[in-house]
Amino acid sequence: MRQILDDGGDLTHWVYKKYPNVFKKIRGIVEESVTGVHRLYQLSKAGKLCVPAMNVNDSVTKQKFDNLYCCRESILDGLKRTTDVMFGGKQVVVCGYGEVGKGCCAALKALGAVVSVTEIDPICALQACMDGFRVVKLNEVIRQVDVIITCTGNKNVVTRDQLDRMKNGSIVCNMGHSNTEIDVASLRTPELTWERVRSQVDHVIWPDGKRVILLAEGRLLNLSCSTVPTFVLSITATTQALALIELYNAPEGRYKQDVYLLPKKMDEYVASLHLTTFDAHLTELSDEQAKYLGLNKNGPFKPNYYRY
Amino acid sequence: MRQILDDGGDLTHWVYKKYPNVFKKIRGIVEESVTGVHRLYQLSKAGKLCVPAMNVNDSVTKQKFDNLYCCRESILDGLKRTTDVMFGGKQVVVCGYGEVGKGCCAALKALGAVVSVTEIDPICALQACMDGFRVVKLNEVIRQVDVIITCTGNKNVVTRDQLDRMKNGSIVCNMGHSNTEIDVASLRTPELTWERVRSQVDHVIWPDGKRVILLAEGRLLNLSCSTVPTFVLSITATTQALALIELYNAPEGRYKQDVYLLPKKMDEYVASLHLTTFDAHLTELSDEQAKYLGLNKNGPFKPNYYRY
Amino acid sequence: MRQILDDGGDLTHWVYKKYPNVFKKIRGIVEESVTGVHRLYQLSKAGKLCVPAMNVNDSVTKQKFDNLYCCRESILDGLKRTTDVMFGGKQVVVCGYGEVGKGCCAALKALGAVVSVTEIDPICALQACMDGFRVVKLNEVIRQVDVIITCTGNKNVVTRDQLDRMKNGSIVCNMGHSNTEIDVASLRTPELTWERVRSQVDHVIWPDGKRVILLAEGRLLNLSCSTVPTFVLSITATTQALALIELYNAPEGRYKQDVYLLPKKMDEYVASLHLTTFDAHLTELSDEQAKYLGLNKNGPFKPNYYRY
Amino acid sequence: MRQILDDGGDLTHWVYKKYPNVFKKIRGIVEESVTGVHRLYQLSKAGKLCVPAMNVNDSVTKQKFDNLYCCRESILDGLKRTTDVMFGGKQVVVCGYGEVGKGCCAALKALGAVVSVTEIDPICALQACMDGFRVVKLNEVIRQVDVIITCTGNKNVVTRDQLDRMKNGSIVCNMGHSNTEIDVASLRTPELTWERVRSQVDHVIWPDGKRVILLAEGRLLNLSCSTVPTFVLSITATTQALALIELYNAPEGRYKQDVYLLPKKMDEYVASLHLTTFDAHLTELSDEQAKYLGLNKNGPFKPNYYRY
């Protein structure tokens, strides 16, 4: 084994624990998930990461395409396939206005839903304001809302107490992370009845007959009830492949025992490979322009802190 | 003099050259423009920056609000006040899909213009595709286009050769940077007649009678022909004030002779101060949630590489 | 039998032919489809319609909700369920910019597709321009297009000759009317191979290996591959029920042997019954305002030629 | 004098009263305003309209272009030129969801405002829901709102009582009709101070210091504080010219002493003349298709009740 390509960090952990001698000799790890990356940074902080690792989760193409653009479509797809809900006029709360939340909000607003946002981060909250969304606390709107979508990466964002106050026929689902965002465990109590009405769709029924529609038992809607377009898979796979090649070919010393972001030039390369699909034509810098901007004509074109 | 608050770097340069002894003793420089920041980084690279400097141009609130959200409105305002053009159905090319270009594109698309984009950076080009814009080379569309808007930060993005091929009545203007993007100098030749039809509006007339409408002689449309909302000025001023206070109060050794980005927590603080205007209500993390996320309940809420 | 509630006109035709004596004695016909309405108007022109008929197909609520708002959602749903296509960046041609076409265009534009329109009617074409769509002839773009959607009510809008020129992997489907819009019959020739890849999805394969993806064999995508929201069904059913009641209760002489539109007041009543779903609060005219406008406080609120 | 081209009905009224003998001999009247059309219908009902009149106010091109598309742009222009307000995040109430209200709502929503709607007509209210706007009563939101825009054609839509409850710095303006919609007269009382801060902009100051910003003294914002694009003027002028020609050339008996809508074919002709501006290419029906649809290849393409 020369390299590890991981999604979640389980393989990395297993090799690290079971085969420490193999682990020490690999050329590098490429990790694509939030969780796996988190575990790598922890290993690094603890001084136990004895090989270079590439965090491809935070490359631009991954973040924007896998999260923003992909979720903009899969939220609609996931809701339609499971519930046939009409979006027009529906009151929706999106919890979290990161890339995933931004995608969900944009799509639902465009289709005529009335969307509000909850946020903990004032910068993202101000972005939500500028994009035309009311920033509210969930408790303020819980009784009126038709659909709640969680996109926070956090836990217990929707609590039993809030689920108790949702109205009959409302929908609750998770686009964020794992199955922690909705406190689903709190719904597994004797006084509530669960009725499976379709694959991935449960009606949770309160003693007074009220039904709340829970999708995918609180797991990720986009993975459970929608599909990932091949275009997005291609972006991700290309990024992973380039990261593996880079780690393998890198001259001694370029990467130490630490976690790295994919070099921007490779991020740009992944993007450029996918432009032809759209018949997009890049403009090339003239020598004079490249000199004026202080850039290499072939990139990278932006400083590392650029936000896109 | 204890601190310098600069926009463009001229004051910094003047003090540095004329009063080197004063310069050495100041507590810090706060610089808000692209150009000024560029000069600071050059000084730093050359080892000549003997005081700490704060780059507030690249703080999130500045980038997103001054560029994306502000330009989304001022492009419409600037075009209307100067030309009364109807946006619906117009064929527009926006050169550059950075924050400014994204703002211009979003606004014009929303009002019914048919917008194309030119880009040198494949990542931004792919974003333009995903947002529904054709990515073209200017030469491919120059004969059909009704309006060209430059937002690149580059020079000679629109050349005399291209201006020669624009159609009668088309408009060309700059939202990007300085007055270099349109090659205005090339239009000051004997065979072309300039007619000032209104403040900031020139008709450049070709020998065959064709007129191209040049706004603000190629200088920044948003500064010359539009206004900056007080909300955006407030964001900027708050950011500058906090940066000055931070440099002044910082304990010895926190800032060395280098260029720094505003600490994220201050960026977040600027945002939070402006949320009340919108009656926006932030959600607060519970202790349990903060622990789960590994965050302080008061922020900062994101890693430094987060892109918003 | 006292009344006929029909969708397509077949029942009406059958009773008319088989049981002329029953037909003469019924109180009225309520017809909801374009085709059925067409047949009624023909009967009326020929002087053979001996009972009153209500054309509910052209009531406002039916037209706007069943067509514009419903199709805005079902085009996305239908395409996703069948092909998992990513909308962002796709080049789409929508043939026909009536209510259905407007709905399809709005949805796809909002999700980042680059949409063009074909039209025969200059008014609808100008609306497409104002809404930001290029108005093209299909032949001009046929080689570049990723998705063709027909919404014309016409026949042979996409011909074999055009299908021959579509690119590999492109999708063709019908949102308009019956199964006539795409010339599907022309694809059933020996040199082309059909491959059923999924329910409602055929790959038609050219000798050189090119595949065009045909959905629902050219029948209506929204009926074959999507679902109709209960909200829209409720609007339609309410309209039908009110039309039946009106015909039944109408005093002698209000309706003669002709085809009528639903009285506007009933159209308004259908709408008002559905406002509570959205927690929408109507404003009531004061006596003074009603007098100023020359309106009854309870409606109808618009002249018959009002377009909404 | 052979024909009258009127806008408001004053000229018609004057000729009718002062020169009844001239009036009787004219070939026809072309009237373009809501008010003038209203007066013509009244004359007609009273049996006093002794010449044919053409209502061009309700032709499709006039309604959609002069109202929907033009106001979509002029609301932004009018607000910016007078107040420099930033649209992003502002809470706006639009009173009336007809063509003008639809245009205002679409533009402001697109630029990030949070828009609510008031309506008296349940059909328009349901359209507002489907387009993603909360339908509220003005009193429910009056204390939170940043901007009120009236587009109703009614009187006293914003009353003194409501103006008393608006918050400091809020803006009130009229896009609808005449100067009746905001009860401006009620603001001319001793306890309120008026301060003219700019042309067309008054601050009305309450005893406690609260300022409400009143634009154009309640007259039409789009006429007082914005410009009308030449494209829209051209549509209107063409429509008027065609109406005059039609009335003049019409064979004896085509038009009686009544009010007529412009023949649809002319409406279509006006549209077709303006398509070239947008490089729009109409598709032509084949003989076979025209026969299938029962249409003439040259139009008209729609029944009279078609709503566009």
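Residue numbering begins at 1 within each chain, and the chains themselves are lettered A, B, C and D in the order written.
In this text, a contact is a pair of C-beta atoms (placed from the backbone, for glycine too) under 8 Å apart; a residue touches a chain by one contact, two chains touch by 3 or more.
This structure is a prediction, so every number in the text was calculated from the model and none was measured.
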item	value
Per Cα centroids, the chain farthest from chain D	A
A-D or C-D - the one linked by more C-beta pairs in contact	C-D
Chain B and chain D, separation of their C-alpha mean positions in angstrom	37
Euclidean distance of C-alpha centroids - chain C vs chain D, Å	28
Chain centre separation in whole Å, for chain D relative to chain A (CA means)	45
Junction residues of chain D - those touching two or more other chains	69, 88-89, 111-112, 129-130, 134, 278
In the complex with chain B, residue positions of chain C that touch it	88-89, 109, 111-115, 129-134
Of all residues in chain B, those that touch chain A in their complex	58, 60-61, 63-65, 69, 118-130, 134-138, 140, 153-156, 180, 261, 267-269, 271-272, 274-275, 278, 280-286, 288-289, 292-293, 299, 301-302, 304-305, 307-308
For the chain B and chain D complex, residues of the former touching the latter	69-70, 72-73, 76-77, 80-81, 84-89, 91, 106-107, 110-112, 144, 226-227, 229-232, 277-279
